[in-house]
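First chain A sits with chain B, and in the next complex the same chain sits with chain C.
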Partner chain A sequence: MSDASPILRINALTKTFDDFTALHGIDLDVAEGEFLAIVGPSGSGKTTLIRLLVGMDDPTDGAIWLRDQRIDVIPANRRPTCMVFQSLALFPHRTVGQNIEFPLKLRGVAAKARKDRALELLDLLRLPRDYYAKRIQQCSGGEKQRVALARALAFDPEILFFDEPLSALDYRLRKTLEKELKDLHRRTGKTFIYITHSLEEAMVMSDRIAIMRAGRFEQIAPAEEIYARPVSPFVAEFMGEVNFLPLRAGMVAGAALSSAAQAALAGQGGTLVLRPESLRLNPQAADLTLTGTVAAAYLLGSRMQYRIDSPAGELTVEVLREDAVAGGIGAPVTLGCDLAALHLIAEARDAAA
Partner chain B sequence: MKTSRLASALLVAYGIAVLAFLYLPLVSVGLASVSKARYLSFPIRRYNTEWYGEALASDTVQGLLWISLKVAGIVTVSSMVIGFLGALAFARYSWRFRKPFQKLILLPIFFPQTVLGLALLMWFNALGIVPSWKTAIVAHLVWIAPIATLIVSIRAFGFDPALEEAARDMGATQWQVLREVTIPLLMPGVVSAGLFAFLLSWGNFPLSLFTTGADSTLPEWLFAKMISGYSPLVPTVGMLTVAGSAGMVAAGLILAWALRRLRPTT
Partner chain C sequence: MRRRERQLGALYALPLSVFLGLTFLAPILLVAGFSMMPEKVFDLAHMPDFSAYRTVLAQGYWKSVAWSLVLAALATLILLAVCWPLAYAMAKVFRRFTLVLTIGVVMTLFVSENIRLFGWVLTLMKGGLIEGYVRHWTGIGFDAPLYNVPVIVFGLVYVYLPFMLFPLAQGISMVPDDARQAAFDLGATRWQILREIELPLAMPGIMVGSLLSFVLAAGAMAESKLLGGRAVITIADEVQTAFTYGQNWPLGSALAMVLIAIIGTLAIWAISKADLDAMMGRKS
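Coming up: the complex of A and B.
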């Protein structure tokens, strides 16, 4: 994040429902023009957080600031932000044009200016201009997404919030819209805050990812950093396939360490995080070496994934198809990785389970 | 699923039998109204339509028609308003006593109408209110307003609460949300509720019998004339009552068509 003062600042935000605390005094700064994805499993507090941010619910404690203005005390309809809902919430009794114009109509904008703005937004979202008079029911899933985006942008909000708007779409359309959304963010320069449970979506689109767990932020960082250097086993697992190797007094049971690795890990304990693509099959040289046998093999398009039974436990390895193991299931293999691919978490894996 | 010829024939026969069961009684009333004979007998030897002219010219029938229309009209409008507001409380908003309200609001539907009529008559007497067509409106509303609430509630349950939240998020006040989103989306349910309310009030006999006092509605008059003083005017007025119901259904269908036409098109 840049050093400039944030457009959105959350201070010690707490939300409780009777005896249940959904958000535990969380803090967050969002830079102007940033695309922040908030990711977490179901029940982690993502939706509660976004509802507080847009004003659909009131926080139990804490404050939300938009630049110098405290907005958590302002009703939802007077906040200079807008949200794209999970269901899109397009009005079925209005045309595409009337939907886009709706926030402008509420602000007393003249009919001619409203229509001009709606057509401008149709252009921006790459929808044909004759869609202006089209019924919402006549639009496809992707077109509805674009109409919802156009409507959210109509009154030029300071921040656009997204509550899992792509979750109901099929895979191919979702992939297309992910790229379009990223492109729209670049073209508008707006601040986007995007809630999703899909890590893939978050990684494709966002500048930073905030991982939520049980009402708290577990880690907030760019995708590459979270992927390569997760702060906890939970984050490591949440970010995709991962191998955990327990490290005790600088030793990994069942693995051989090079002298460089022994020096780097000397006396340390915790959990070593190792991504499947960082492990190499039958390497010439490696800082960490393990032996095992192939227990299962899966074809993942251009890559192969293997489950390897090893003295250190079951490991997952991903290699290019041309590097596939000869011999198939039961074939003996040696696995290895470089020291740079190892990431040490002080926390033991069981503590996160 | 493909059906055999025998199964297809049986299904057609079943369909005809069901329709005959539903509509033959009404057809017999229609035939009685155009028979010259005092009582209906088959085959009908002589037809005439003079009873229709007499019914339409009769001050008594016109008076009955006017009372029935007033009662059904006021019950319809009131039920639409009560049904709309009740549905908001029933289905749209969370509040402390919502669950008991949801149960209690529907309870009058299950009361036997004769018992409900008797209870209301006793209340009117206890309160010193002289029963008339106006008290019949109250009685009809006690039974019909819950039905209207239920009809509008089904519609209210069917629409995404995010629509109202989205409107609010885009800058709408509570009133604007109601005007721009909630009312237009609930309107088909409100119109259906109004249609049902009219038909249920227009043809209601048990509640009217107990609560109209010296006044009388068309169904009450029909019953009274069947007991004593039958003439072909009775089935004729019966058919006119049915025509009134059919007219209301037609009006409802036209209104639904008009609402669809008013909706955005390409």
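Coming up: the complex of A and C.
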């Protein structure tokens, strides 16, 4: 995040439903022009949060500021923000052009200017201009997605919110649109806040990821930082496959540590986080070394994934296919990694998670 | 396989189709036949002379036609305005209470229309339920609000409310909640959401409810007779008079054919103008 004052500031935002608290006084700053993805499992509070942010629901406590204006007290239709819905919520009785022009029509913009802007947005979203007169039902899933984006951009919002808009699309189309959305963000310079349960989507598109769990932000950071230095086992697991090695008084049961690793970990306790791709098979030299046997092998296209039974527990290793284990299931292997690949989650945080 | 299924379907539907065709078409054909006969005859074994239609044109029956259409149009508009909030609540707000409301409204249909209208006469007449009690408690009496055009419209609205309410509720339930929310999010006011989203998307329900109410109200006569005291004579009243007191079946038939022609034309015009599939966004 840049040092500039944030465009959006959330202070101690709380939402309760009867005796259930969906959001526990959360805080968040979003920089102007940032692409922030809010990720979390079902029930983590992301939908509640976005409903509060766009004004579809009122917070129980706390405040939402857009620059110097407190917006949580303003109804949704008078906020300078808008949302691309999960269902896209296109108006089925209107044409593509009429959908895009809708916010402009509400503001009383003249028909000619509306049409010009709609055509500009069709160009921006790389839709043919003759789609202007097309019915919504004649558009494919990806085209509908673009129309919904064009309509939101016609509104010219200060912040554009997305509520899992790609979740209903097939894999290939989703991949294409992820990149297009990222590109659109770059070209428009708008602030995007994107809610998703898909970590992959969040990592491809966003500048920062906020991981939610049980109504709280677990960690807010750029994707690579969250991936490499998760603050809790929950975040580590959420970011992809991971191995956890218990560290007690600077020692890992069943593993040999180099003198450098011993010095670095001396006296510490907690959980060591180790990504499968950071482990090497039969290394020449390593800071942490384990032995084990291959329990299972999976082909992942260009890579192989192995499940290894070791004295430290069951471990997952991912290597290139050319580095595959000779001998298959039951073959003895040595695993190793460098000190830099190890991330320690300290005991207090570990216990809290 | 599909062809055989279609053939079977057509075969199964044949008896009822024949029955409906006969019971719908036969009376209309009979009435159409009588309407062409010379006046005051009671069979169809005469040369058609269309004299009954000349009588319809010459004797000012157009006023009755006009009254029927105006009263029906007024009642339909009022029904739309009255039923919209209630139908909206039934479709979107009430939950279990919708069933209670539905049963309550449907139960009114279990009692004959004439009996219900007589109930209103007893309620509104001088010395009736309202005026009688008011006079008893306050000593101040007033004229009965009966035997005028507004009370006829009230009667039509009262009697045909279910025919507007249920189709309207069905139409409103077809408006997606997220379309409404998206419009609000894009800056629409409540009024703009109603005009731009809800009314167009609920149009199939509005069309069905309006057509049902209008057609039924245009052919109604109990309201004008019982509540209106014949303050105005509707076309249906004229048809009945011609068939009974007038003993002029051809004139009654001609009047009926005029009513059928006008309402049929209006209904077909409305249906052809309203592309329901396009309104609902079903047309691709």
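Brief remarks follow.
To be clear about the criterion, the second predicted complex is superposed on the first by the 346 of 353 C-alpha atoms of A that agree within 3 Å, B and C clash if a C-alpha of one lies under 4 Å from a C-alpha of the other, contacts with A are read in each partner's own complex, and residues count from 1 in each chain.
Here is the rule we go by: a residue touches a chain if its C-beta (ideal position, glycine included) is under 8 Å from a C-beta of that chain, and two chains touch if they have at least 3 such contacts.
Keep in mind that what you see is a predicted model, and the values were worked out from it rather than measured.
In the three-chain model built by superposing on chain A, chain B clashes with chain C. By the document's definition of touching, of the two partners only chain B reaches A:Thr95; chain C does not.
When the shared chain is aligned, chain B comes close enough to touch A:Lys134, but chain C does not.
Of the two partner chains placed around the shared chain by superposition, neither chain B nor chain C is touched by A:Leu28. In the overlay built on the shared chain, the residue A:Leu52 is in contact with neither chain B nor chain C. By the touch criterion defined above, A:Ala236 reaches neither chain B nor chain C. With both structures placed on the common chain, the touch criterion links A:Phe155 to chain B and to chain C.
Looking at the shared chain after the overlay, A:Val294 reaches neither chain B nor chain C.
In the three-chain superposition, chain B clashes with chain C only at 167-175, the remaining stretches of 59-67, 131-139 or 167-175 being clear. On chain A, the surface touched by chain B in one complex and the surface touched by chain C in the other have residues 54-56, 76-78, 82-83, 85, 87, 89, 91-93, 102-103, 106-107, 135, 138, 151, 155 in common. Those residues of chain A that touch chain B in the complex are listed here as 54-56, 76-78, 81-83, 85-87, 89, 91-95, 98, 102-103, 106-107, 133-135, 138, 151, 155. Interface residues of chain A, counted against chain C in their complex, comprise 54-56, 76-78, 82-83, 85, 87, 89-93, 102-103, 105-107, 135-138, 151-152, 155. Across the complex, chain A is touched by residues 160, 162-163, 165-173, 176, 180-181, 184-185, 263-266 of chain B.
Remark: chain C residues 176, 178-179, 181-189, 192, 196-197, 200-201, 278-284 touch chain A in the complex.
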